[in-house]
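Look for chain A in each of the two complexes below; its partner is chain B in the first and chain C in the second.
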Partner chain A sequence: MKEELFVSGRNIPNIDPVLHIWHWQIPLYLFLGGLAAGLIFFATYFFITGKTDKYNVAVKISPIIAPIAIIIGLLALLLDLKHTQFFWQLYTTIRFESPMSWGAWTLGIVTPLSIIWPLLYLDDIIDYFDGKCKIITKFLKWVDKIIIGKCHIIKWIIKIARKYQKIMAWILLLLSIILGVYTGILLSAFNARPLWNTSILGPLFLVSGVSTGVAVIMWMARDHFEKISFSKIDLMLVAIELFFIIHMFMGYLASSEVQQEAAALFLGGEFTAVFWGFFVGIGLVLPALLELMELFGYKIPIAVPAFLILLGGLVFRFIMVEAGQLTRYLY
Partner chain B sequence: MKDRSNKYMNPYLAGFIIGLMLIAAYYFSGEGLGGSGAFKKVVVATINGVNHNYALNSAYCSPLVSEGKSPLNSWLIFEIIGVIFGAILSAAYFGRLNFKVGKSPKITNKTRIIAAIIGGILWGIGSQLGRGCTSGLVMSGMAVNALSGYIGLAAVFGGGYAFAYFFRKLWI
Partner chain C sequence: MRYAMAMDTKKCVGCSDCVVACQTENNVPHGYCRDWIVENVDGTYPELHLEIRSERCNHCGDAPCVRTCPTGASHIIEGGIVKVTHDECIGCGACIQACPYEARYFHPEGYVDKCTFCDHRVAKGQDTACVSVCPTRCLTFGDLDDPNSPVSKLLKSRKWKVNAPEAGTKPQVYFLI
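Up next, the complex of A and B:
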């Protein structure tokens, strides 16, 4: 018998001792999914509440970013898959206990609807970009003329969508919340990874995603009222995010040793500087302070806090995916 | 809101405050101030993130890379985060927070950006050869009376005066 052959039964590359499976594609997708969820949420919410004219950019213009974000995110997901050709098998079943199944079906419905929504406001979107960005304007005019103008099926879809826009808005509103929450629940459902296995991750990812959506809207908004309104919404979201983060760490520290070890990665461990400095500091607190200053009458270019929020959201997802893979129950 | 965009601190007072900060940095962290060191750590962390084995075997990266420790978890990174934080808040308070390219009106933004990138690359290489930049080598070095700090000071200002004439059109 060769004893040296079974000195360890844990030769599982890329899984043990630490997970090393998810790379840049996953956090990028989670970020873009959250961003799209935020954009769709506000577009549909203000449409349903009849405030389209008041929040023109949020309802009509910024939703054009949503399908682009979703499609780039889905491409990143495809790149992550080992067996790309089997992705469609997610659509051969519905499993209510699987967040991935929820996500797949949600995206399956949200993606086409998020493409249809901006098509309903294509003229407004062309007006918005006209004179600002030639390439985008040209592309949108091409879409208007060639794809919509000559394709009867798309014309028919737009006609139907216009007729039932309120129903579509309700469906999208609900699905945008599911999309935002699912990006966090996808991680928290991994009960083998102590950092991810917290129920606060779902709401935290939802709020963070909605906050990045708000950042895009206030960056694109031209009307002062709309800018300030979304700045105020963002301040509230940052406060909620900070509340969730504090409670997430309180939960870890009051939990078992593996959770405490997971928290230690951020409290003196290798992710301390990037998490508290780049995400909480520069990605949350600093833009919140700038937004507060703007409310008090200081002249702040809105692009600065908006950019910082987007950067913070992206950094947050990269950290959570990377750090979560390092945490484990095994010794 | 009162226009404060042309109001600046007295440079001698600002220099004195930086000196006090340097003392505080040595007292609290045991290290001086630095700029290029933080960028070096970001570069090493990026290389480490992309290819951990390469970073472990590289003479440049390996001293900063070890299992379970991040090169980013250092005083200089926190200092730079503070610099970004403070600079943006100060610019916002004085109404100078804006996106613009500082340059001579006679050159284009493109020329200025290309020159800045080339200058930045040279600065990066120089600071690594000199084991520090104006903050890490000159200021923090001189604060502890290191000879290299004084030589660095002479070289930085001497080099600056010597080459300023040739590059003046980027600014005036």
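Up next, the complex of A and C:
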């Protein structure tokens, strides 16, 4: 039987013939949000477990990337809004049914806390960059002198934060998991996009985000022990990610027709090469192999697997957002 | 009160009068529309079957657009009509992603716009714009809670279907087949 469908009387920009209303801003934010979640998770986790000295970079230095990532991500989200002047409406209600409302409130709390955390270790961060990068060192010293030195409110906030740092760490630890899961749930809550509508997406995005955070930490780490420790954590995360990906496809293939068609985009369809090649191949398996070789004593610059993991994470989010919008119910 | 629409696929000729009436009544910007015509041809020549549908927002009983809206701009009013408050909408697009019927769009001014079941006309006791112009009278609008309303009677006497019932949205635009 042949079937043909004509739709007349509509040709709405970005919706017909295929939905394309979310562009680069959303996957970029999902990437940066996951990255920040990973950085904050390990900083607070090792602080709480009292391993600050052992994992110096993870607790004290790399968290400075988190607020930068979050702020760039938030700017991207703001750019995505079409009715931008009303963005504050997000903070006039709490809607428990809407993942985006959860995300907005989580970010509202995480953003200031993630700025305060690196301020507590500003001296260590200045030491880290001193002699390596003049511009950053100069900027951080300026922040230390002008913003912290002259502004009493910030001084007071830092004092309070130091006093209650353990409580702050617990709050951040919890929020970092919500932030990481949220990047996936944002998509999986849409029943109308069959590719996204799988509950494994939340955990998958969390693991992938944490793995990109680990990549940044191992890239920034200076001593061998910390590099290798995070390299091992990353290997474990890649294994979990691969398991989740297989699990996700098993779910699609055992589900309704629309989800089988969504999976077909990756199993012979137009996203096959980019997904298995650039994400799974170059962004997961290859860096994992390089990390394994490093563990067995081969000399491999840690920047290579770290960069590949970051690239893979970014590509993965772009693919999922693009492909998801192509999938829909048939009737 | 539960407003619903019945659309008779056996009577519709696909003239697009409903589309134009809606665009005029609701001042829909050029290039956009809140209702549209779908022509579905299936079979192999000479055994062909044609179904024409006039589609619009289904004003779902379980509306995913309202559920995913982060600000509450998408809401349900008396009679189950799904509406958008323009100055609460931030234009995030979550409701557009959530709709299995692609019934929503970004108005060029930024907010999300859609079919309102012509609630401004219904409040005055009139039919919606699309219903009032249909030359074959294939569209019927009314209250499903009233067993004697024309739409209730039609749904009792005729066979019908809804679009993508498996999406779980409980759509309220019924297609008579």
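In the analysis below, the second predicted complex is superposed on the first by the 314 of 331 C-alpha atoms of A that agree within 3 Å, B and C clash if a C-alpha of one lies under 4 Å from a C-alpha of the other, contacts with A are read in each partner's own complex, and residues count from 1 in each chain.
By definition in this document, a residue touches a chain if its C-beta (ideal position, glycine included) is under 8 Å from a C-beta of that chain, and two chains touch if they have at least 3 such contacts.
A quick note: this is a predicted structure, and the numbers were derived from the prediction, not measured.
Number of chain A residues touched is higher for C, counting chain B against chain C.
When both complexes are overlaid on chain A, the residue A:11 reaches chain C alone and has no touch with chain B. Of the two partner chains placed by the overlay, only chain C lies in contact with A:95; chain B stays clear of it.
Contacts of A:19 after superposition: chain C is touched, whereas chain B is not reached.
By the touch criterion defined above, A:328 reaches chain C but does not reach chain B.
In the superposition on chain A, A:83 makes contact with chain C only, not with chain B.
Contact with chain B, but none with chain C, is seen for A:277 once the two complexes are overlaid on the shared chain.
Applying the stated contact rule after C-alpha superposition, one finds that A:256 touches chain C and leaves chain B untouched.
Once the two complexes are overlaid on the shared chain, A:301 sits against chain B while remaining clear of chain C.
Residues common to the contacts of chain A with chain B and with chain C across the two structures: none. By the touch criterion stated above, chain A contacts chain B in their complex at residues 269-274, 277-278, 281-282, 286, 289-290, 293, 297-301, 303-304. Every residue of chain A that touches chain C in the complex is listed here, in rising order: 1-16, 19, 21-22, 80-84, 86-87, 89-90, 92-93, 95, 97-101, 103-104, 189-193, 256, 325, 328-331.
Looking at the complex, you find that chain C touches chain A at residues 14, 16, 19, 31-33, 35-44, 64, 67-73, 86-94, 96-100, 102, 105-106, 109-111, 163-164, 166-168.
Residues of chain B touching chain A in their complex: 1, 68-70, 72-74, 77-78, 81, 84-85, 88-89, 92-93, 95, 97-99.
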